[in-house]
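Notes follow once the structure below has been shown.
First chain written, first letter: the chains are A, B, C and D, and each begins at residue 1.
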Amino acid sequence: MNKRKIFNDPVHGFITIPHELIFDIIEHPYFQRLRRIKQLGLSDYIYPGALHTRFHHALGAFHLMRKAISILKIKGIEITAEEELGASIAILLHDIGHGPFSHTLERTLIKGVNHEHISKIFLQKLNQEFDGKLSLAIKIFEGTYTKKFLHSLVSSQLDVDRLDYLTRDSFFTGVNEGIVSYDRIIEMMNVQNDELVIEQKGIYSIENFIISRRLMYWQVYLHKTVLCVEQMLIKAVERAKYLIENDITLPCSEALDFFLKNKITLHDFETNSQAIQHFADLDDVDVFAALKSWKNTSDNVLSLLCSSILNRHLFKIEITKEPFTESEITKLKEKAAAYFKLPQEEAKWLIFQDSTYNHAYNAKQGTIKIIDQQGNVQNAENISQHLEATVLSEKVVKYFVCYPKALSTI
Amino acid sequence: MNKRKIFNDPVHGFITIPHELIFDIIEHPYFQRLRRIKQLGLSDYIYPGALHTRFHHALGAFHLMRKAISILKIKGIEITAEEELGASIAILLHDIGHGPFSHTLERTLIKGVNHEHISKIFLQKLNQEFDGKLSLAIKIFEGTYTKKFLHSLVSSQLDVDRLDYLTRDSFFTGVNEGIVSYDRIIEMMNVQNDELVIEQKGIYSIENFIISRRLMYWQVYLHKTVLCVEQMLIKAVERAKYLIENDITLPCSEALDFFLKNKITLHDFETNSQAIQHFADLDDVDVFAALKSWKNTSDNVLSLLCSSILNRHLFKIEITKEPFTESEITKLKEKAAAYFKLPQEEAKWLIFQDSTYNHAYNAKQGTIKIIDQQGNVQNAENISQHLEATVLSEKVVKYFVCYPKALSTI
Amino acid sequence: MNKRKIFNDPVHGFITIPHELIFDIIEHPYFQRLRRIKQLGLSDYIYPGALHTRFHHALGAFHLMRKAISILKIKGIEITAEEELGASIAILLHDIGHGPFSHTLERTLIKGVNHEHISKIFLQKLNQEFDGKLSLAIKIFEGTYTKKFLHSLVSSQLDVDRLDYLTRDSFFTGVNEGIVSYDRIIEMMNVQNDELVIEQKGIYSIENFIISRRLMYWQVYLHKTVLCVEQMLIKAVERAKYLIENDITLPCSEALDFFLKNKITLHDFETNSQAIQHFADLDDVDVFAALKSWKNTSDNVLSLLCSSILNRHLFKIEITKEPFTESEITKLKEKAAAYFKLPQEEAKWLIFQDSTYNHAYNAKQGTIKIIDQQGNVQNAENISQHLEATVLSEKVVKYFVCYPKALSTI
Amino acid sequence: MNKRKIFNDPVHGFITIPHELIFDIIEHPYFQRLRRIKQLGLSDYIYPGALHTRFHHALGAFHLMRKAISILKIKGIEITAEEELGASIAILLHDIGHGPFSHTLERTLIKGVNHEHISKIFLQKLNQEFDGKLSLAIKIFEGTYTKKFLHSLVSSQLDVDRLDYLTRDSFFTGVNEGIVSYDRIIEMMNVQNDELVIEQKGIYSIENFIISRRLMYWQVYLHKTVLCVEQMLIKAVERAKYLIENDITLPCSEALDFFLKNKITLHDFETNSQAIQHFADLDDVDVFAALKSWKNTSDNVLSLLCSSILNRHLFKIEITKEPFTESEITKLKEKAAAYFKLPQEEAKWLIFQDSTYNHAYNAKQGTIKIIDQQGNVQNAENISQHLEATVLSEKVVKYFVCYPKALSTI
């Protein structure tokens, strides 16, 4: 084919696109849209290099899928050319349903419809456009294909998605401690009874993978300043919705306007082609353009939130192991109302609390399987003293409250 | 100070901010704006990792300035604390006047006012806000300070600006060949008779620096596909300006609207505070938000250009050593008019030609000085057989024409 | 000085030697000898890149010491130029007493005298040669200097020695998972009440440091094949000693001969200048040259061990959680005696068992101190859920037996 | 097979051994010997990390060969499994004939027999041991196989040997400027009319390759201090030979003794199995063990040379563009004779002069072929303005003289 293409990836080196169908999917506007959705939302406010996109991550995960399949084939696992293509497409499109600022706005812009739902709708639409050629990919993506291990490569405790994003996020943030030996882990992959397993001598790499992931959560994904700015963005969008509901006009793009004005359900997405079309038009640009426009709006709350985000005048965030008491929050709200000359009930827009948690290794969501030299398969946590330690399997919860810095000095 | 701050930079490791004034400058909205201006414009269309910003580059160059000054001080060159601060601020702000998509739109949005002009205006404004504390930095920036070598560190054939951007652009594009041994070059810096010089044993690193820079020009900055998409963006903005002049309404941000509607001169910037304020509000987001909105406009030309950029349906580009002839261009325009059903005179918006050039080592713009062990200073091109070769000092010109891909098959 | 020197280090970049005395110490034959002692003994049999030397590591640790001191000084900790020089020399020479193949032969060649003993003797001798200029360095090295934190930088649970060797060993083995964020840890260093502490926001880096160290132990330092070849080398040297005691002549270097023939005690080293002079002549070359010569000796046991090491025909190693039983070992010895036609009592030279252990974080040997924003100091294991987990503080023991591969198939 | 093996390579990541025969060749003592021959001789005296071996380089070049073949096959070039195996073995063994300190002692220890000659003899012997399975590899190695491009991959201006050693030497020395985009170059490889060609868009990578190679020559391979210590080693070995010819006994290994005492010719190697067996026993260890022993010899000249090398008390080296005059040399010799109390005719052992040269791109030795999109093949120097420049095609000669440092101050 004359469509052969190579991407230069500072993380993995050269990424080769080996198939015309994959080339055509990458060219599709749905996929090109991912160029405008950053992988880590607003984390670049703390790690200025972290501007990489879902587009780049999807290509990287695709590259690792090809490596994994190649290793498994060398080890004698039967994988047909169709299955390889299907798994490759499944991983390429696994995040296609993400909206602007990914997880941050996932439950704000559109309530009750998560990105997996939307990914499936996009997959169906693309399958129609490409004459059913994505049917096997969809089965693998949804976990309904007979060879289950292919789905595990796409989505499990140790899938190529995680291997790529941990590596990529470490690379672009500069947090070297998050580095995972993805190539070693892939070398150790095998399949036993249709189950994806890791050969026992890779156990230390698995431990390191779990620990690195935990570190990335606290140091990057749930970094306190990241939490804070994300909350500020959520509040800004919620305030905008609230104002619009109260018939205030706020300039923004047509696509964003659609989701601010309407309560869109999964049913709408499935039946109303306008919904998915508007969603396909939505990306980080719409949100930031709106913030830039709203920073001059007459509503003081919205204007304060927007200009604070844009100029990186971040709120103060306090983190604790226990929830904040009602009275602590009330005191802060009173301060805010007085300081910003707001009605008491408006103060909640500037004082926000929430909690976050991390589960380093949650065996309930499936475990990593280890195969020993005799062919016995066990759960990783039964083999590694380290993973069995309760600290990793325990859910860690942190509570936080955010408020304008001005309040901390009064 | 409790404002001590560290940035995580995947390129240089940790960047420490050692001074309160520098911290405050970084916090200023003018500087934060650089977070929204990509260093390499649309190069991420070819190198998906190349999303780094002028903000990041400014911090990196600042970091190298501190290294260079520290090395020079160890070698006995007198540099006071004030001078160090001044040079640090000068490099931090050297690109503050860049607008959206930097060089691409520099001569399109605002004619006759380049980014250096605007940098100086920003510097003056910041100097006022910071009670004259930037006066020395401004002198160093403009080259009027007595110790000329400080200006050379900010701006010359071998300044820390170039050392950072070559390194950074290599890193984020993944073009390893552009790697420059910036640390070795800085180790070899010295000052003789108020002139920045390189110690002779660094001559191979200097050669490598020139060659790497040349390679980055052809492989990245002037990559044919980059040229093409940049031209498409220029044409889209020019078409928008043209339509607005003809009283067509096009939605866009207030700041962008200001520059599309008005012919702003350097004089306006100096006298009309509105001009600089609007400029300070302008960044990559405004332009991309406009493209997204204009792709649905009723003007076919503008709509085609915008949707082609957004969906990365790039035009075809042909590059030659000689200019294209009038008749070749006319033929293409006729094809375009026919194919897109446009009046003949509109075809020029879809068929564009231009030329670009690169000068690997232009001794007329100042040379790199080499000092031998006896203390004699010579121009690099007199010492290195390599640099004296005409191929490096010759200006290389390439001509190109771009047109919609559809035309190449008819 | 005209002795200014820069080392090119692929790990840390450029290492600058800032002081004439340090330059002269590096030039001394005692220090140059470290060029011929590999940091990781025979680990290159498994990781072919792991050929780096104690010389290189000493320079790297020295470089990190300078970084640490520079950070502490910026934070207001008083460290005089003399103290800086003393601490720099202390770390530069911390491993000067290592003999050939470091830990592997430490208890074989010379019984009852470890490398710390010998380091102190070398330090005293150098101090004499350099007119007492190393006195402060010796105090810091031995922990008798008033500012205890300087000793902690040289030797503690989180010293620059460990930071360099983990980083360096990761780099040259290619085991990326061992990467430690040494620069971040150094950035987080501080001193409180004369105690080296880490600022609390560095806690994840500390966790990662402990985990990475643990991983490096199992994956590199105590890798089963490394254990096996090291045991083979020990047995070869012990066999040679045994033969020499029984009046068999074995060719080898004069220095090695001295230690094979004589039982040297610490007292000998302190009183007999010949002992330390011979030791200063001894390095990896002597041992490997001996192996090469002995592989042709008439003693079958020694010849088998030597040629097996040289040609990398490694023995088989079995690792278990419980010690091997007497009868298992006896059975192996019988097999060996039969197969190699040896008297029963000679079989022990080819069948060897031992145990090894690792202690990821042994609080009894001193703990890592964390300081919070209020200035309170606590042990790391009291703050980090992760470090308090018993799995890290428990000593892990592994038992192993090695025997010629031929025996496994009969 | 249960012989599947993976090497951890810090340069290329994991290197997989895919074939039992290759595994067995690697296990052979001839190949294991390469573990004891450093790739860059004594360059670690200047670049302390440069301790990597011919063993490691051979594995790396083998890895790149497999990559290159895989790319060519994807592009439709027919390469059978046998040919792939043959080319892989040919590159794996391309340096098998190197002796201790490679090029340094190549013309000193054994006159008139270079390492290519010896490689061929080793190849023949291995072919016998492996029942003729290396016949195709030998044909490819010698360039007599019908598909010539396979030989070009092993040995030409742009073979995988060069791609690996430039990359590897850059990596271990830390000279980043030598980095070559080997993966990009391999991606651009193709075959036209049985000729290995590079696709035109790789032209900048080719230029960079030539420039980087030139830089590595002057900065590493022919670094003045490297030249000096190599000359000192050559003189030490020559002096030892001279003493032995004069019936002085010098202790050393049996293998080294054989080559010091006898004048071995190519004919001897071909007919006398003892010669090749002794050569197979010879490596860097023998030479360094000899130096260590000879440093205490009664011959002052040899003793001075050996202890100077071991303690890195290097001679002074002066480099010029013109040869030194007879009288300059005579003057130095007189000084040396006086200072070291030597007979006049012995002074030549301490005063040595020679010349060295580098040819960045010598079109006479074959050129790099570039293929354009129309399928036309041209020489790289005809396409690249850069490569056609005379500076690269000119041979650069440097003259040098070395003498003990003591002489420079009298």
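Assume a residue touches a chain if its C-beta (ideal position, glycine included) is under 8 Å from a C-beta of that chain, and two chains touch if they have at least 3 such contacts.
What you see is a predicted model; the values in this text were computed from it and never measured.
**Q** Across the interfaces B-D and C-D, which one involves more C-beta pairs in contact?
**A** C-D
**Q** Please identify the chain with the largest separation between its CA centroid and the CA centroid of chain D.
**A** The most remote chain is A.
**Q** When the centre of a chain is set as the mean of its C-alpha atoms, what distance in Å lies between chain B and chain C?
**A** The answer is 50 Å.
**Q** What's the distance between the Cα centroids of chain B and chain D, rounded to whole Å?
**A** Computed value for the inter-centroid distance: 43 Å.
**Q** Which integer distance in Å separates the CA centroid of chain C from that of chain D?
**A** Here the centre of chain D sits 32 Å away from the centre of chain C.
**Q** Give me the residue numbers in chain B that touch at least two other chains, ranges are fine.
**A** If we look for residues of chain B contacting two or more partner chains, we find 13, 175, 184.
**Q** Within the complex, which stretch of chain A touches chain C?
**A** 175-177, 179-181, 184, 204-205, 207-208, 211-212, 215, 218-219, 385-386, 388-391, 394, 396
**Q** Sort out for me which residues of chain C touch chain D in the complex.
**A** So the residues of chain C touching chain D come out as 7-11, 13, 27, 29, 32, 35-36, 44-49, 51-53, 55-56, 59, 171-175, 253-254, 281, 285-286, 288-289, 292-293, 296, 310-313.
**Q** Quick check: in the complex, which residue numbers of chain C touch chain B?
**A** 6, 13-14, 16, 18, 74, 183-184, 187
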